[in-house]
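In the two complexes that follow, subunit A is the common piece, with subunit B as its partner first and subunit C second.
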Partner chain A sequence: MDVSLLISLAEITIAGAIINASVHFVPVGGAPAAMATSTGVGTGTTQLAAGAGFTGLMAAAAMASKVGIGGLGFLLILLSGAVGSMIMLGVTMLIGQLIYVFGVGVVPAADKCEIDPITKDPQKPYVTPGTTGHGIPTVCFISGLIGAALGGLGGALAYIALMNLGFTPAVAGMLAVGFFFINAVLASYNIGGTIEGFHDPKFKKMPNGVIASLVASLICGIVAVAMVL
Partner chain B sequence: MDTTLIALGALALSGALATVAGCAEDLESDVGSQSNPNSQVQLAPQMGNIHRYFNKAISGEPVSYGLYVAVAGAVAYAIMQMGLNPILALILGAGVAAFVHGAYAISSYLGRIVGQSKNFGQPVYWDIVMSHIGPIVGHGFIAVFCMVLMAYLANTILGNPFPLPLIALIFGITVGAIGSSTGDVHYGAEREYQKYPFGGGVPVANHGDIDVKAEYGLRNGMDSSYFCARLGGVLTGICFGLIVFLDGWRGIIGDILQGGNVISASIISIVVGLIIIALLAIANRKVEVFARDKYGPYTK
Partner chain C sequence: MSHGGGGHATEIYPENQVFAVGVVLSLIGIYAAHFLSDYGLSMLIGGLLVSSACVAGANTVRKVAAYGLGTGVPSIGMISLGMGTLAAVAGVLIPKAFGIPYLVAPILTLIIALVVGFIVGNLTVKPVGMKIPIMVRSMTYLSVAGALALLGFTTAYVGSLEPTTFVKGALESGVMALAFIAAGMAILHPFNACLGPNESHKRTLTLAIACGLISWFVFSVVKLDIVSIVVSIILWAIVYVKFVKMSLNDACAVLHVPEIPKKEE
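Right after this comes the complex of A and B.
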């Protein structure tokens, strides 16, 4: 087997693990967050990570069509994917925050930590009794940005690997979207509902998800390589 | 004409279309009650609250909008391959997607409400179906048409290498993720629970105890849409518009500053993107500090 095929296989496998890890950073409160009953963005883990990841994937694809996928272009595509994804999630979290503060009238407060590890602000007194926090405090925002960066980077890496295998941008894009969903759903099962970010105790479960994604991505990679053989 | 100028114009148009699409998408999900806040509409009859809300959680918003916009994009792409005018093809594609949307909306309302009728006494209000389906499909058509036109611009002018249906699918998933993350909070945390005092999250014990009375008479989905159009819908539109505009703008700024050198232009676009992200984080912190100072901790 050609060495370049093995490199692509390794890239796809690593990309899957990165995507899985990224989802654990994104602060999602699921359905309860839509009622300001839990901290984080009010939607599902997979859906928000996919929305951010696909914006990054489009940014990466646009960059790839400009600079090519070799040499410095490789790095630029990864960075462009990460930045595109971070812009999407950053704007979404900020606008969500505006609705929490001005539309619902709650103070952003995390439930999984006594004080915000970044700003050192106390959190518990600002949590509405009977809820597990609400809004997007700074620690969640920063965690979300890290998650978005990793998600965009993982999606871009998978796209580059698929392009290197010889797929056209159209087919590589479609496969990357499906591949992203597989790993985001695996992460979602590992999280099991809601997560506030890297300060949440559930974050410690991340290695299990990453291992699952490594296996799933390896299988996906073998199928992708088999398609071009 | 200068290609950069055309790209900037296409980007500005895309940003405007995204703003309209985001707003229409969120208001459609308020009229039809979709996504996370609909869990409360679904729960209400079990808590003794018989309601006249539309009940339409076909799936999560990203998946359902991904489907509609991808259907529109695929149909438009097929019609364009037959040699028809692209704008006409996009309109026809969005029209087909509107029929798909309508079929899912009615079947999901009937399925969900009938499922609750026997055990919890929730009636099927046929007048709600007939009066709401127009605004649902209409708002959906506006959102889908704007996004499929954006996908066309991205494909033909802004240099996106993906085919039209795939870009359409990605835009649909993104707008759904944004709509359910931003505007739905205004509907779920505020509008559905207006009878509780302003300024707090909804405790788990109150879930399902939604407000069934409107400003006048019994509340339905259109009352919610009227209310959410003041903040949730508008901010959702601004959110999607900003994402599309800022992400494209950083690339064009790079081209303008370093038109001849692709690598330098790309590096500039990444640096501009990082500056935008830093500004977003600062703005978020400012809003957080404002809320903490203005509202203070809960005293009881």
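Right after this comes the complex of A and C.
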């Protein structure tokens, strides 16, 4: 077996683990957040992670078509993917925040921490009784940006690995999309609905999800390698 | 997200039966799409038979999502298509890599989907900790349904299972991406729309058939196959009207918005 195949296999496996880890950073509020009665963006994990991941994948693919996948291009593609995802999720959170604050009229507040670890602002007094926080406080926003960057990085890494295996951009892109969904949904099942970010107690469950994704990605990687043997 | 999270939704047809019929019909459909393409029938016959894979997938989604996934019904539809994409592309490309006849593609897709679905299903139970008893079986079924729907609609569009033609016609043109989301919607939407305390198997299945037929319609339009467009939209309309009537019958009360009274002159 060729060494480059093994490198691609390793890259795909690591990419899956990174994608899974990234989803745990994204502040997902689910249905309650859509009514502003929970912290985070008001949609499901899969949709949010997929949105950020696809934008990252697009940005990575656009960069790959410009600079190629060798040498410095590798780094540029990874960065492009990360930045693309960050922009997408950043805009989503910002516009969501505007709607929560000026439309619904709630104060952004995190439920899972007494004081915001970044701004040191007290959070608990602003959480309406009977709800689990509102909007997207600073800590969740920062956490979301970290998650998006990781997600874009993971997507771009998977794309590069598939390109290295010798697939055309179309095939590599399609496989990367399927691959991204498998890992994003595994992560969302691990979270089990909603999460606020890295300060949430549920964040400690991350190793389980990462292990699951490592195994799943390894299987996907083996299937992908078998296609080009 | 679920109706009470109790599961055990009552059903008229057993899940295995619906699934088996869906798989067999869609396999026949894929081969029909390949062999009948010279007669211009690949979309008409292939598309119709393949839409049964969407119905089988939707039925499995109904069964598993009734337990309450915690993340919404769409998530399981999307993972089904994620595994399906991998299996469908692998099913077409692996025979080329190993030099075996490309006609095994649908069977190979089925096998890869079974294996990947089973492993991912086990992963959702063991390290991740989903507490749904039928999770492994459902993930396996969904992976197969997603893979067959994807491969089926793209084969119906391309009209050939030959790897080079398939990659050029389905992947390079982006039809695979359309199949991803169209088949995904057909699989996840029926239960997502019908769930609730008054959910009935018959109604969900009717909507599932309507969703399968409209996916077929979408691909007929993409292929500009006039006969398929007409047949699929007529069949869809019949089933959809039936679904709407059924919903109105099952509703507690139906109040139509009255016409705005004409101004007294």
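Simple rule for what comes next: the second predicted complex is superposed on the first by the 229 of 229 C-alpha atoms of A that agree within 3 Å, B and C clash if a C-alpha of one lies under 4 Å from a C-alpha of the other, contacts with A are read in each partner's own complex, and residues count from 1 in each chain.
FYI, a residue touches a chain if its C-beta (ideal position, glycine included) is under 8 Å from a C-beta of that chain, and two chains touch if they have at least 3 such contacts.
What you are looking at is a predicted structure, and each value in this text was computed from that prediction instead of being measured.
**Student:** Have a look at where A:Ala17 lands relative to subunit B and subunit C in the superposition and call it first, second, both or neither.
**Tutor:** A:Ala17 contacts neither subunit B nor subunit C.
**Student:** Just checking: does A:Val26 make contact with subunit B only, subunit C only, both, or neither of them? Give me first, second, both or neither.
**Tutor:** A:Val26: touches no partner chain.
**Student:** Which of the two partners, first being subunit B and second being subunit C, lies in contact with A:Leu78: first, second, both, or neither?
**Tutor:** So A:Leu78 meets neither subunit B nor subunit C here.
**Student:** Looking only at subunit A, is it subunit B or subunit C that touches more of its residues?
**Tutor:** On the superposition, B touches more of the residues of subunit A.
**Student:** In the superposed arrangement, does A:Gly42 touch subunit B (first), subunit C (second), both or neither?
**Tutor:** So A:Gly42 only meets subunit B here.
**Student:** In the overlay, answer first, second, both or neither for which of subunit B and subunit C A:Leu165 touches.
**Tutor:** Touch partners of A:Leu165: none, neither subunit B nor subunit C.
**Student:** Taking the superposition as given, does A:Ala226 touch the first partner, subunit B, the second, subunit C, both, or neither?
**Tutor:** In the superposed model, A:Ala226 contacts subunit C only, not subunit B.
**Student:** Considering only the touch criterion stated at the top, classify A:Ile136 as touching first (subunit B), second (subunit C), both, or neither.
**Tutor:** In the superposition, A:Ile136 touches subunit B alone.
**Student:** Should A:Ala62 be classified as contacting the first partner (subunit B), the second (subunit C), both, or neither?
**Tutor:** first
**Student:** Applying the document's definition of touch, where does A:Tyr189 land relative to subunit B and subunit C: first, second, both, or neither?
**Tutor:** Only subunit C is touched by A:Tyr189; subunit B is not.
**Student:** Taking the contacts subunit A makes with subunit B in one complex and with subunit C in the other, which residues are shared?
**Tutor:** Residues 30-31, 44, 47, 50, 170, 174, 177 of subunit A touch both subunit B and subunit C.
**Student:** Subunit A touches which residues of subunit C in the complex?
**Tutor:** Residues in contact with subunit A: 1, 69-72, 74-76, 78-79, 81-87, 89-90, 93-94, 97-98, 112, 115-116, 119-120, 123-124, 126-130, 167, 171-172, 174, 176-177, 180.
**Student:** Touching residues of subunit A toward subunit B in the complex: what are they?
**Tutor:** Against subunit B, subunit A makes touches at 30-37, 41-44, 47-48, 50-52, 54-55, 57-59, 61-67, 72, 76, 79-80, 83-84, 86-88, 90-108, 119, 121, 125-131, 133-138, 141-142, 145, 169-170, 173-174, 177.
**Student:** Would you mind writing out the residues of subunit B in touch with subunit A in their complex?
**Tutor:** 35-37, 39-40, 60-63, 154, 158-163, 166-167, 169-170, 173-174, 176-178, 180-190, 192-193, 198-207, 231-232, 235-236, 238-239, 242-243, 246-247, 250-251, 262-263, 265-267, 269-270, 273-274, 276-277, 280-281, 283-285, 287-288, 290-292, 295-298, 300
**Student:** Touching subunit C in the complex: which residues of subunit A?
**Tutor:** Listed in rising order, the residues of subunit A that touch subunit C are 30-31, 44-47, 50, 168, 170-171, 174-175, 177-182, 184-186, 188-193, 208-209, 211-212, 215-216, 219-220, 223-224, 226-229.
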